[in-house]
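Structure in structure tokens, see below.
Labels A, B and C are assigned to the chains in the order they are written; within every chain, residues are numbered from 1.
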Amino acid sequence: MNEIIPSPAEPVPAAPAGPAAPAGPSPDEYAPVVGISKEDTATLRMLEGKAADKTARDYEHIVWAYGVLWALFAAYGLFLWRRSARLRADMNELQRSLDRR
Amino acid sequence: MTTPTSSTGLRIARVLPDLCLLAAMPLLVYSVHRVFMSTPIEQSMGTAFKIFFFHVPMGWLCMLMALISGIAAAVQLRRRSSGAAAVALAAAEIGFVTGLGVLLTGPIWGNATWGKPWTGDARQVSTALLWLVIVAYLLLRHYGPRSSDRLAAALAIFGAVNVPLIYYAVTLWKTLHPSTTVVASLPKEMWMTFWPGLGGLLLVSLGLLGLRIRQLRLADELDAAWVQLEDPPR
Amino acid sequence: MRLLRQALLLLRSELRQELRDFELLLTAGFFTVVLLAMFYLSFASLQAKAHLHALPGLMWLTVAFVGVLTLTRVFDREREADTLRALLAAPIDRLAIYLAKAAMALSVLMVCCAVLVPGLWLIFPAAQAFADQPGQTALLALLGCGGYVAIGTLFAAGLATGAGKNTLLFIILYPLTTPVLMYALVTTRALIDRDPGLPGHLMQMFVLDVILFAAACLLFETVLIGAPVRPHRRPPLRPSVHRDMSREPSR
């Protein structure tokens, strides 16, 4: 209700200084986002690419690390299983010896 | 003659390893979910920091198993207990597995974060040395002469005593080889992801420990049975 | 006092045996010289700055290698003549055997250090600090060798009682003695750099040696002959031939 409405005679305050907005682009020309230059966008894309590479490389390392851990526990589980099989065979042999007596 | 209480106790002890492993499964699934879905990316180390949530618990478990092995070895020496000997050997084997896990995942993490697999960090070096002591114990138990059980127990006790000594010695040794890599201290929200991982791995380790102890005790009993069969007492 | 008297008696017997043919001193001393020659061939052509970094490692690796040789030979005599069993059966404190053997091994190692340190001084100019601070160097050698011998004597004795394989001593001893080695490395570097904190490092080594000696003394008798069997305890292995094996767990 109390907001100030500028009179028609008063000029509208200018937007903050920045690079001038280019004229409308032709269809086959690159059209940057308003306020960001071509160079800045190229830098941004390059950094995004680097970040994506690092994330991909990190994920590769993560997969290797988790894979190693599970493989170690699986190997130990296999070791326990084989020992159990050997003990079972030994027990059966003992039972047979007892039955023979 | 077993009393009802002791037979119940025996029954509980028998299923405890299986219960530990069963309980570990959902905890590990939850932990992995938290690590990849709910934990923010660490600022300085990026996505590779997610290895931390399993790497550090493995290190703690390695030291815990070395201590359990040392304590069990002391009981074995004091009471001539074959049960304690079984606990010492089983704990050393789990310590071997978890120690190897730390020593393999550490360089993977180091390579991803700093481009250097081995940074010479005090904890890395001291874990490697402790792991060597565990391997020496296992080699002595498997290849030593018949009377080497007591010697192996002494080795396990020295190994357990060495856990703090090695860490302090390496910290001192690091003054000769300073490194520039620094592991960031963990923010509070990441601890909430850390504990389920630790809990899950701890339950897996305890379950495997119980299974292995049971196997070793059974092997001892079978040996005694064979001896008695072949040479019965008069 | 009785313990010390018995230990001195055994040590005198060991020394008398050694002075007959000098076998241990000559073999260990010669091995030290051979290692010095190998270090000269491997490292003498490097820059002086590299010598400075390598010197502590060269010194203590030599002690580690010569130490295993010494400990093996100290107990080989007992093993060959099977006299360790006789010693254990004799009416003496078992700890006296440990103290005598440890003192013998320490004496041999100190003689080797008396060859090693001047040898390193001759080969590497960076070792001038050893000549400038002979008292501190001797104390460093004593403390480092003492910690090594404290652990090594226990395990060498343990392997000597059974039909123990000597190669196992290498496997056991090197991982266990790494704290001693690291303390010795840091203190040696402090000595070479003429660090004012050297007395503090030497004190830490002394404390470590006391801890290791105490642990070894506590374990010696139990490792060699086992803990005393209490009458009310049942024997460790329980024969169970008449149990129903089919009801055993499937694992």
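In this section, a contact is a pair of C-beta atoms (placed from the backbone, for glycine too) under 8 Å apart; a residue touches a chain by one contact, two chains touch by 3 or more.
The structure presented is a predicted model; accordingly, all values stated were derived computationally and were not measured.
The greatest centre-to-centre distance from subunit A, using averaged C-alpha positions, is reached by C. Nearest to the common centre of all protein CA atoms is the CA centroid of chain B. Inter-chain spacing, taken between the CA centroids of subunit A and subunit C, is 53 Å. With centres defined as mean CA coordinates, subunit C is found 29 Å away from subunit B.
Centroid to centroid, with C-alpha atoms defining each point, subunit A and subunit B lie 31 Å apart. The residues of subunit C that reach two or more other chains are 241, 248, 251, listed in rising order.
For subunit B, the set of residues that touch two or more other chains comprises 211, 215, 218, 225, 229. Those residues of subunit A in touch with two or more other chains are numbered 80, 84, 87, 91, 94, 98. Looking at the complex, you find that subunit A touches subunit B at residues 54-55, 57-59, 61-62, 64-66, 68-69, 72-73, 75-77, 80, 83-84, 87, 90-91, 94, 97-98. Residues of subunit B touching subunit A in their complex: 46-48, 50-51, 54-55, 58, 93-94, 97, 100-101, 104-105, 108-109, 111-112, 204, 208, 211-212, 215, 218-219, 222, 225-226, 229. On the side of subunit C, the complex with subunit B involves touching residues 151, 154-155, 158-159, 161-165, 168, 171-172, 174-176, 178-179, 182-183, 185-186, 189, 204, 208, 211, 215, 219, 222-224, 226-227, 229, 233, 236-241, 248-249, 251. Considering their complex, residues 14, 77-82, 129, 132-133, 135-136, 139-140, 143-148, 150-151, 153-155, 157-159, 161-162, 165-166, 168-170, 172-173, 175-176, 211, 214-215, 218, 220-221, 223-225, 227-229, 232 of subunit B touch subunit C.
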